[in-house]
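What follows is a group of structures, each given as C-alpha cells.
Shared chain: chain A. Partners: chain B in the first complex, chain C in the second.
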Partner chain A sequence: MIDFVQNTVDGIMFGSSYALLAIGFTIIFGVMRRINLSFGATIMLGAYIGTWLHVQHQVSVWIVALTTLTSTVLVGIYVERLCFHAIRRSAVLASMVSSFVIWMQLEEAAIHLLPERTYAFPALLAAGSFELGPFLFRAEQTSMLVLAMIMVGALHILLYRTRFGLALRAVSESSLAAAYMGINAAWVTLCAFALVSLMGGVAGYAILSTDAQITPFFGLWATFKGLIAMMLGGMGSLPGAILGGLLLGVVEAHALWYLGNEYKDLSAYLLLFGMLVLRPGGLMGQRILSREALAFRRV
Partner chain B sequence: MLALREVEKRFGALAALDRIDLEVTDGEVLGLIGPNGSGKTTLLNTVTGVYPPSGGRISFQGTDITGWKGHRIARLGIVRTFQNIRLFPTMTVFQNVWASQHSRVSGGLLALLRSRPSRRCGDTRRVEEMLELVGLLKDREVLAKHLPLPARRRLEVARALTIDPPLVFLDEPAGGMTPAETADMARLIHEVVAPNRTCVVIEHKMALIAGVCTRLCVLDFGRKIAEGLPGDVLADANVREAYLGTDDALDA
Partner chain C sequence: MDDYVITVLSNIGMISFIALSAYLLLLTGEISFGQQAYFGLSAYAAGAATAMFQMPIWAGILVGACAAGIIAMVVGALTLQLSGLYFSVATLAFAEMARLILLIVEIQVEVDGEMVGPEGANGFHGIRWMFERDISLTEFMLLIYGLLALTLISLLLVERSRLGSVLRMLGSDDLLAEMQGLNTVRYRILAVGAAGVIAGVGGALYAHFTTYVEPQFFNVMLGVHALAYGLIGGLGTAFGPLIGVAIDVGFLEAIRFIQGYRMIVFGGLVAILLIFMPRGILDEERVHRLKAVFSRRNHARA
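What follows is the complex of A and B.
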C-alpha cells in the first residue's frame, strides 16, 4: 500500500512535466488546428544552447537555466516564422511535414553545437531527498511539481484574466471571426508560440535536471510524451492536457515499480492504445474532435 | 464612406470582380444583390481584407485600405457577419459579445498583459444592452453552439455592433431562415443595425431587401449591371434577365 501511494506521488510529480508539454501541444493545436511536431526538438535545442555555454564557457548554472528558457523561446519563434507563419493556414499537411523537417534541422543544429552524444546537464538543484512519514520525496521532482503548478496557475491568469488571454481564446474558437473583430490573429499566434516555448522550456529544464544528462534524442522523447499526454486527455482541452500528463506519469511510475524499466514506455503506449480504442476523444475531449462540425449544424 | 475604384479580383482566369466602381454613402442601407456566383461575397471579402484585390483601389472615410489585413480594417471600423456563421462556439452568448469588445490587443508587449476589465464594472451593461436589443438577454449563459440558427445570426449581429463600427456588412443575414424569421431579421436590421450607421446587406430574399434597403446594387458575372432605388432597379430589364432561370425569383 505504501509502495502504491509512493508510486502514485512520484508519478504525479513527474507527470506534471508531461502536463506542461501536453499544454504546449494543446495551445498550438487550439490557435492553429495543427500539431507542432518540432516542439520537443525546440526545447532540446534550447537546453543544448544552455549546456553548450556551460561546457564551452563554464558559465554558472543560473546562466544555464536562463539561457535554456530564453533560447527555447527564440527557437519557438523561429519555428513559428519558418514553418507555420510562412505556410498558410489551409495547408495543414504541408505544415505538419515541415514541422517534422524543422525538427530534423534543430536536431542537426544541436549535434553541431556539441558533437558528442551525451552531456551532463548542469542542474540548478543538487540531487537530494527528504522524508515525510513513510514517504520519500526527491528534491528535484518536488521542485518540478512546484514549478509546474506555478506555470499552470500563471497560464490560468493569463488566459482568463488578461486581454491577451481573451484574444487567444477567441482565436482558438474561430480565428476568422477573431480577425474580423479586430484581433491580429498572426500576432496572437506568434505570442502563443513564445508562451508555450517558455512553458516547454521550464518542463524540459525540470526533466533534464532530474535526468542529469542531455542527448539530442530528448527532442523525440519530449514530443512523444507531450503528444501521448495530449491524446490521453483529449485534443484541444487544457484540463485534459493536465489530466493526461498526470495519468501518464502515474501509469509509468507503477509500470516502473511493478514491471521494471523495460516496460515503462511500453505501458505508456498500451495506455494510449487502450484509450484510443475505448474513448477516442480522450478523457475530456470526446466532443472536441468534431467541434466545428457540431457548432455549425442547424439545431 | 466607402469607395471602390475599378476594383478587380481574379482567381486564375476567372474574373470574379470585373472593374467594380461603387460608392457607399453615409447612413444608407445598400443592398448588394445578384444571382449565385455573381461576385457579391467576393466583393465583401475583398473589402474586408480576406484577400487583397487584384487591381483597383478601396478607400474608407478617406483612408486607402487597399490590401490591408482583415484585423486592421476591422479596427478602422468596418465589421462584418458571415454567410456561414462564425461565432466562438464554446463561449456563452455573453462571452461572445464580451470577447469581441475587449480582446483587441495592440502590438505592444505591455498592452498584452494589461488586465481584462472586470466583469463587475459598467462595461457589462453595454454587452447586456446589446443582447437586449437583439433579444438574446435571456439566453446570455447559453453556449453559442447550442443556439438555433436565427438566434446565432442575431448573436453575430450583436457581436458586430458591440464595437460600434461606422460600417457594417451583413452577408446573407436571413440565409436558411423561414419567412417569419426573415421578417424578424428585417425588423432587426431596420430598427437596430441601420440607425446611426451605414450598412451593406448581401441577400437573396426579396422580402428582406425590399423591406430594409434604401438603394440597390446588382452584380452579375462580376460586373455591376444596375444601381439605384429599389423600385427602379427591380423593374430594370437587365436585372430581370440576369435572374431569369435561376432559383432566385425576384417576386418572391
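What follows is the complex of A and C.
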C-alpha cells in the first residue's frame, strides 16, 4: 500500500512536467487547428544553447536558465514563421510535414553545438530529498510540481483575466469571427507561439534539471510525451492537458514499479490506443460528433 | 554497377513501398504515423517464414504481406470512428506498441544446430536466404524493382478506375460519399488493409536484403519520413512518393560532402518547397495539366 501511494506521488510529480508539455500542444492546436511536431526539438535547441554557454564559457546557472528561455522563444518564432505563418491555413498536412523537417533541422543544429552523446545539465537547485511520514520526496521533483502549479495559475490569469487572453480564446473559437471583431489573428498566433515556447522552455529546463543531463533524444521524448498527454486529456482542452499529463505520469510510474522498464512506454501507448478506441475525445475533450449529427448539421 | 550504388538503389526501392503505403492512405484523407509497424511486422513474419521454417522467399513475402494486411485491417476496424489527428495518433500509438512488443518477444528455434529467431532487443539475426541460395545483390535489386513496378502499376490502374475516384472522394468529403450511397466503412478498411500489404511487401524484402532486422529500425522516424515523401513528391499521382524518396535518398547521398549539415540544408529546402507547393511537386493540378499536354500531343499525332 505504501508502495502504491509512493508510486502515485512520484507519478504525479513527474506527470506535472508532461502536463506542461501538453499545455503547449493544446494551446497551439486550439489557436491554429494544426500540430507542431517540432515543439520538443524547439525546447531542446534552446536548452542546448544554454548548456553550450555553460560548457564553453562557464557562465552562471542563472544565465543558462535565461539563455535557455530566450533562445527557446526565438526558435519557436522561427518555427511559427516558416512552418505555420507562411503556409496557408487550409494546408494542415503541409504544416505538419514542414514542422517535421524543421525538427530534423533543429536537432542537427543542436548536435553541432554539442557533439557528445550526453552533457551534464546545470541545475538551479541542488538535488536532495526529504521524508514525510513513510514517503520520500525528491526536492527537484517537488519543485517541479510547485513550478507547474504556479505556471498553470499564471496561464489561467493570462487567459481569463486579460485582453490578450480573450483574443486568444476568441481565435481558438473561430479565427474568422475573431478577425471580424478586429482581432489580428496572425499576431495573436505569433504571440501564442512565443508564450507556448516560453512555457516549454521553463518546462524543459525543469525536466532537464531533474534528469541532470541532456541528450539529443530529448526532442523526440518531449514531443511524444506532450502529444500523448494532450490526446489523453482531450485536444484543445486546458484542464484535459493537465489531467492527461498527470494520468500519464501515474500510469508510467506504476508500470515501471510493477512490470519493469520495458513495460513503461508500452503501457503508456496501450493506454493511449485504448482511450482513442473507446473514448476518442479524451478525458475532458468534446465528444466526437456522430455521423448523423454531422449530416444533420450540414442539411 | 558497384555494390554501393546497388545498395543505395535497393534502399530507394524498399523505402518506396512504405512511401506508397502512406500515400494510399493520404488519398483517402487519413494521415498515418504508423505504416512503419506493418513494414516491421512483415519483416519479422517473412524472416521467420524463411529462416525458421525454411519456406521459399515468395512464400515468405506472401506470409509477411498477408500478416501485415490482416493486422492493418484489424487496426483499421478499431479506428473506424477516428479521423484527422485522432487517427494519426492512434496509428502512432499502435506502431509504437508493436515496436515495443517486438523488443520483448523472444522465440527461437534450432535450425542446423543454430538458434534462429527474434531475440528481443538484440533483433532477429540470420535471415540468410540470399546467401544460402547464392543470390547476387543485383538479382535481388531486380526482384525489388519488379515488385515495386507491379505495385505501382496496380496503384495507377486503381487511380484510373472507379475505385480510385471513390478513394479520393472519401478523402475530400467522406460524409458526402456516404450520402451518395457508398459503403464508406468497407472502402476505408479496404484502403487501410491494402496500405498494410504494400508496406508489408517492402518490409519482407528489407528483412532478406539486410539479413538482420531490429525493432529500432521501425521507429516513428521511418513512418513520418514515409508521409513526407508523398507530400514532397506530390499527392496527384502514385509517382509522387517515388519522386519524394528519390529526392530524399538521392539528394542526401549527393550532398555527402557537407556531412553533418545535410538535414539543416535539406530541412530548410523542403520547408521552403512546402510554402510554394503545399501538396507537393506533382500535385493534382499539375498532374491534370501534364495529362492535358500529353493527350493534345497524341491528338496532333493522330
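Definition applied: the second predicted complex is superposed on the first by the 287 of 299 C-alpha atoms of A that agree within 3 Å, B and C clash if a C-alpha of one lies under 4 Å from a C-alpha of the other, contacts with A are read in each partner's own complex, and residues count from 1 in each chain.
To be clear about the criterion, a contact is a pair of C-beta atoms (placed from the backbone, for glycine too) under 8 Å apart; a residue touches a chain by one contact, two chains touch by 3 or more.
What you see is a predicted model, and the numbers here were worked out from it, not measured in a lab.
Once chain A of one complex is fitted onto chain A of the other, the partner contacts of A:1 are absent, as it touches neither chain B nor chain C. In the superposed model, A:105 lies in contact with chain C only, and not with chain B.
In the superposition on chain A, contact of A:83 is made with chain C only, not with chain B. Of the two partner chains placed by superposition, only chain C is touched by A:94; chain B is not. Between chain B and chain C, it is C that contacts the larger number of residues in chain A. Comparing which residues of chain A touch chain B with which touch chain C, the overlap comprises 291, 294-295, 298. For chain B in complex with chain A, the touching residues are 48, 69-72, 74-75, 79-80, 82, 84-91, 99-100, 102-105, 107, 111-116, 144-149, 159, 163, 176.
By the touch criterion given at the top, residues 26, 31, 78-79, 81-82, 85-86, 89-90, 93-94, 96-97, 100-101, 103-104, 175, 178-179, 220, 224, 227-228, 231-232, 260-264, 266-268, 270-271, 274-275, 278-279 of chain C touch chain A in their complex.
Across the complex, chain B is touched by residues 158, 161-167, 169-170, 173-174, 176-188, 191, 291-292, 294-296, 298-299 of chain A. Note for the complex: chain A touches chain C at residues 29, 35, 37, 82-83, 86-88, 91, 93-94, 96-98, 100-102, 104-105, 107-109, 112, 224, 227-228, 231, 235, 262, 265-266, 269-270, 272-273, 276-277, 280, 288, 291, 294-295, 298.
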